[in-house]
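Next come two complexes, and both contain chain A; in the first it sits with chain B, in the second with chain C.
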Partner chain A sequence: MNVLKVPARTIAVFVLPCLLLYVVLVFVPILVSFYTGLLNWDGITTAKFIGFDNFKTMFFHDPVFWPSVRRTLLYAVASMLEIPLCLFMAILLNRFIKRRANTLVSIYFVPVILSVVIIGQLWKTIYNPASMGGMLNGILISLGLDSWQHGWLTEPKIAMYFVYIISLWQYFGYHLLIQFTGVQNLPEEVYEAARIDGAEGFKADRYITLPLIVPILKISIVLAFIGSLQSFDMVMVVTGGGPAHATDVISTLMYNNSFLSLKYGYGSAIATFLVLVCLICTFFINFIFGRVEKKVG
Partner chain B sequence: MGNKPLKTLALVLAGALTLGLAACGNANNNSNSGAASSNGGSSSTASDKKVTITFQNIQPDPTTPSYKTLHDLVDSYMKEHPNVKIELDTLNTDQQKLKLKTQAASKEVPDITIVNPAAQMQPFVDAGLLAPLNDMLDQNGLKDTYQAGLLDNYTFDGNVYAVPDGNNIEVVYYNKDLFQQAGISQVPTTFDELLADVKALKAKGITPIAIGEKDTWTGSFLFMNILLRTNGGPGFLKDVVDGKRTFEDPAFVEAVDRFQDLVQAGAFPEGATSIDANAGGNLFKTGQAAMFIIGTWETGAIDSSSVGSQVGAFRFPTVDGKGDLNEFMLAPGSAFAVSANSEHLQETKDFLNYFAVNYPKKQFEYKNAVGLGQKVDGDLKSAGYSDLAMEVASMFNDIKGGDLSFDNTMNPAVSQAHLSSIQNLFVQKVDSATVAKEHQTAFEANK
Partner chain C sequence: MKYAKKGLVYLLFAIPVITQLYPLLWLFLYSLKTNEEILSGSFFSLPKHFQWANYKEAYENGHYVRYLSNSVLVTAVTMIFVILLASMVAYAVSRFRWRYGNVVMLVFLMGMMIPMQATLLPLMLIFKNLKTGSFHVLDSPLSLILPYIAFQLPIAIFILSGFMRSIPGEIEESAFVDGASIYRIFRSIILPVSAPPMMTVCILTFINIWNEYIMAATFISSEKWKTLPFGVYSFVSQYSVNYGDIGAFLIMGALPVIIIYFILSERITKGMVAGAVKG
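Here is the complex of A and B:
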């Protein structure tokens, strides 16, 4: 701090507005929602304090809760596994597309700017049954693979995976952009030095790009992980958590309980759980990356 | 280059930031104090005091008759009462439900808002958020305009807390052309005939029954018809609430079985659970599906759709010889309620009285009088209503009784369990006893 020779009160002037906003808009609501989680409350009438009963119900008696958690975590893992693919694409783009690589990246980025509702409707049309003009099933039929047709979003066993695919597709460009920027900014001299030592192409990637890109990877992975833990909009638009909870994730379950079943207290308990999971996971990812960075650095 | 200019710049920027924040705060304060001052005073007699009434409503679509009715009435009232300003807070149905719940939690219900009948409005009444409207109903003979018994759905402990915008029943709309193509000459009057028709339509590649089951209420509303029949009449859910029967009763189990027969016969569009309610209805209105089992509020929209001239309506058939064709699923409309904490209760009630008294006339003019909860002078035929509208209107005259929808009878938590349980039936065959057990468990857990 003192490197900048800025007095403490200037720092305070800068930090305070954001800090205040953060405390008021993030920290306080989290505490309030934890407290609400201890109530038996419909959000309208008088609340009754019931201690940890909501949490007990959630952990031991709600048949929908744990499957939702499992689906959410699977979602998070799937979106993390996407990142190496993005990195690979970024490296290829950087190496082989000498002109206008940026244009390509921008094109990949388009789905990210589109509204989730538009993307949801688009993919719903792709997944529709052939009788309703579904593209995927239509293609399967024209290939003579009639028996491969499915109700992609309506068969409980597979619906969730096809919701994942939409989100993975949407955020591919986002992480590609991050990785691409990272790869582009790596100093050329290092590669030149490596070339002299006989490391080129993928060998250089393994021993130079990868270790240097770790901090950028970390950003992508944290963003992807937390983003998918909180995923709500896509599920809501595409399936609404149905059929019969088959695509419910933690956040949609929370919404349904709070606002549709009018179990506001119970919904808040789920919200508290979600916050905790996010915190623990972020901590965990940071820990792992700390190790990795130490090892490669 | 010294540090000085940089530092000054930094301070200026930081100052601007804080100012920005302060400005936001101020803006809020201003609007609050503005509202407070315009709300202030004028609680009793002074009729020339400036008054602002907030009217939360669910008519966002300017093409609908209900929208035109609402705006006409609000405008003409403001013209007659220059001191009254009515501010519309227009939302669509789901948004309004959500917003009202949020407002209710902080006890800031708008002067006039929209609630749904019976069990759905109970929490708001219990929380003391709504004002009794008995005195308002007595003015200008408003009470007598409502159909007998209709207001019961909005009455708690002898007080009426809301006045409905309509009263609908659930009927089966059908496309005569498509029926003819499938060689069906008569509308079904028994469930077995209905099943046979479904199969005949399916064989011709026509979707038999339009539905959008992503919005789970649609499937439940249809299912309840079957329950109304297998129970031999209305009152099953009420018996469950009163503890006289359980969901494991044969009437309920049979209804689940019969409903699954429909699903298995391929009655519904493929992928029904990912179609939302509007899109489901459009399958019928664009001639892609042969039947549409829905509330009579759709009459106007079906009339004006491309298949309007080919559409007829019939009563939901009897099931296994049980039930009466003239018992219907009843859907008393969403209703206008007044906030108990309204700063100018009297003015609000006066306006609502004017609104409700003139509502049926306007709706009649806009050809939207079918499914109106109030008596209206005038002859549908000579006013140019369609054959379909006449046909549906005649069914209203035969109503012997019926049930309210599931979510109007049971509390929200049980309703949600029910809705997703029925949605499940669309995607897989489930043992009916299991479905019954699911319902009973949810009911006992959320009493």
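Here is the complex of A and C:
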């Protein structure tokens, strides 16, 4: 490969505009956020510097903070639960449905491309009481299970689970597509060699597909994890964190504190926490997979 | 036995077709019903008469065309700048010999891990202070376009630089010998050759920006500049005369992406996989 030697000025012309824009719009805000996290400030009156008090309040005195963290992590776990199912379906799809497989996958993919607003409002309507035309309760009534009806998003105990379901539904097609592409790209020869050695079907899957697919699994898991940490838009559109904080995740808590309660300082402290959690989780996942890949490779 | 197994597999794949598509079909039927039909609460029923009037009412009561054109404007401008800026950096990182190439790449990759919503408040504070005369950045399309560009850059640079590394160096060398400047090489050789990864970047940018809701809802407040997702959201949450109209507006909101997906489904699915795999 040939690499060009060019004067510094040319490099600057190519790189600086973009780099400046990026640093100003991504890194500077994070620093600003970290700083405002140290203030007691409502955006209007003069800000007061209070050191790490916001963080202390967050960790020790805010009764809704830790439950939101738990829900955020549960969101990630819930999103990952569908990955094995998707892998299983991808393997079957590749083996049994050769010709129509791509069509099927593009059908499953339709919800992925729609805006969270459309998906969220659609599911809100589905979850409505039957008297307002809700589909889920309508189905229960037709099955004669009238007593099973619920206010799916208005009862604090169950609301969060029904928000998870929307995300699982929306991203099912995405995970399936990723796994399917991965399975399709596995080299045919390996399977042939295995067949000669007497490994076929699910036995071959256990010893060949699974180890070879680890990098693809990692992509799906990272996607599910990062997506869930940022599972923000969906909750915002569907419940806004309510009823009574029952569906708050870290990011909605941050948003509601910043923009509804106008606690700019406290909201920024939560934002700082969110950034740190994202960084730590990404490193953690990469570390785990680094070890897994070494082991199976 | 063989048929039973096959039947079972087909059934397994038929179920998601229903679960993934039926809600959308249900919404479509919903949008064509009268209030009475919707409130009757049966989960499957065809409307007696298709109430196309719902669409007319939704169109007249919402600002569909305005939201749509705002979305087109914001998405198109973002796309152009992402492609331009990202290919410049990608070229510099993948082909120039300089000490800080990897550092620059690392800066962009690190940014990928930063959640967008953590920047909402600080960006709002920054944009609030950016004004000249009667022009305010906050509540203008610029307040969306700028962060949209920034947050799409890392993945775009990653995809483009990966591709540019694979372009054979001889092409540039011979152009250089013929006296072409580096800018000329970039414009007449690198950019045209990189069309396929640019397509991937365009698709990713389109899907992400076209559907973006929360930033639009935070930075935009005047009706004039609302984008489609935010417009749909405010229509749905404010309008309560006729349920069918709400359904109709949701369908209209989904329509542009559905049409584009219908035409380009294979490219879109491929692009999104490439985005995920490389991200």
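Methods note: the second predicted complex is superposed on the first by the 271 of 297 C-alpha atoms of A that agree within 3 Å, B and C clash if a C-alpha of one lies under 4 Å from a C-alpha of the other, contacts with A are read in each partner's own complex, and residues count from 1 in each chain.
As a working rule, a residue touches a chain if its C-beta (ideal position, glycine included) is under 8 Å from a C-beta of that chain, and two chains touch if they have at least 3 such contacts.
What you see is a predicted model; the values in this text were computed from it and never measured.
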(request) Please work out whether A:M236 is in contact with chain B alone, chain C alone, both, or neither, and reply first, second, both or neither. (result) second
(request) Tell me which partner A:G227 touches in the superposition: chain B (first), chain C (second), both or neither. (result) neither
(message) One more residue to check, A:V32. First (chain B), second (chain C), both or neither?
(response) second
(request) Please work out whether A:P67 is in contact with chain B alone, chain C alone, both, or neither, and reply first, second, both or neither. (result) neither
(message) Taking the superposition on A as described, I'd like to know which of chain B and chain C A:T282 touches: first, second, both or neither.
(response) second
(message) Between chain B and chain C, whom does A:T46 touch in the aligned arrangement: first, second, both, or neither?
(response) first
(message) By the touch definition at the top of the document, which applies to A:F259: first (chain B), second (chain C), both, or neither?
(response) both
(message) Quick check for you: in the superposed arrangement, does A:P84 touch first (chain B), second (chain C), both or neither?
(response) neither
(request) Check whether chain B or chain C contacts more residues of chain A in the superposed model. (result) C
(request) Touching chain B in one complex and chain C in the other: list those residues of chain A. (result) 5-6, 10, 14, 17, 21, 130-132, 134, 259, 264
(request) Enumerate the contact residues on chain A facing chain B in the complex. (result) 5-6, 10, 13-14, 17, 21, 42-46, 61, 124, 127-132, 134, 151, 153-156, 238-240, 242-246, 256, 259-264
(request) Name, in rising order, each residue of chain C that touches chain A in their complex. (result) 6, 9-10, 12-13, 16-17, 19-21, 23-24, 26-27, 30, 38-43, 85-86, 88-89, 91-93, 95-98, 104, 107-108, 111, 113-123, 125-126, 146-147, 149-151, 153, 165, 169-170, 172-173, 176, 182, 186, 207, 210-211, 213-214, 218, 228-230, 232-233, 236, 243, 246-247, 250, 253-254, 257-258, 261, 265-266, 268-269, 272-273, 276-277, 279
(message) Could you list, by residue number, the parts of chain A that touch chain C in their complex?
(response) 1-6, 8, 10-11, 14-15, 17-19, 21-23, 25-30, 32-33, 36, 89, 92-93, 96-97, 102, 104-118, 121-123, 125-126, 130-139, 141-142, 169, 172-174, 176-178, 181, 216, 219-220, 223, 226, 229-230, 232-233, 236-237, 251, 254-255, 258-259, 264, 267-268, 271-272, 274-275, 278-279, 282
(request) In the complex, go through chain B and note every residue touching chain A. (result) 3, 7, 10-11, 14-15, 17-18, 21, 98, 101, 104-105, 123-124, 126-127, 129, 207, 213-216, 269-275, 411-413, 415-417, 420-421, 423-424, 426-428, 445
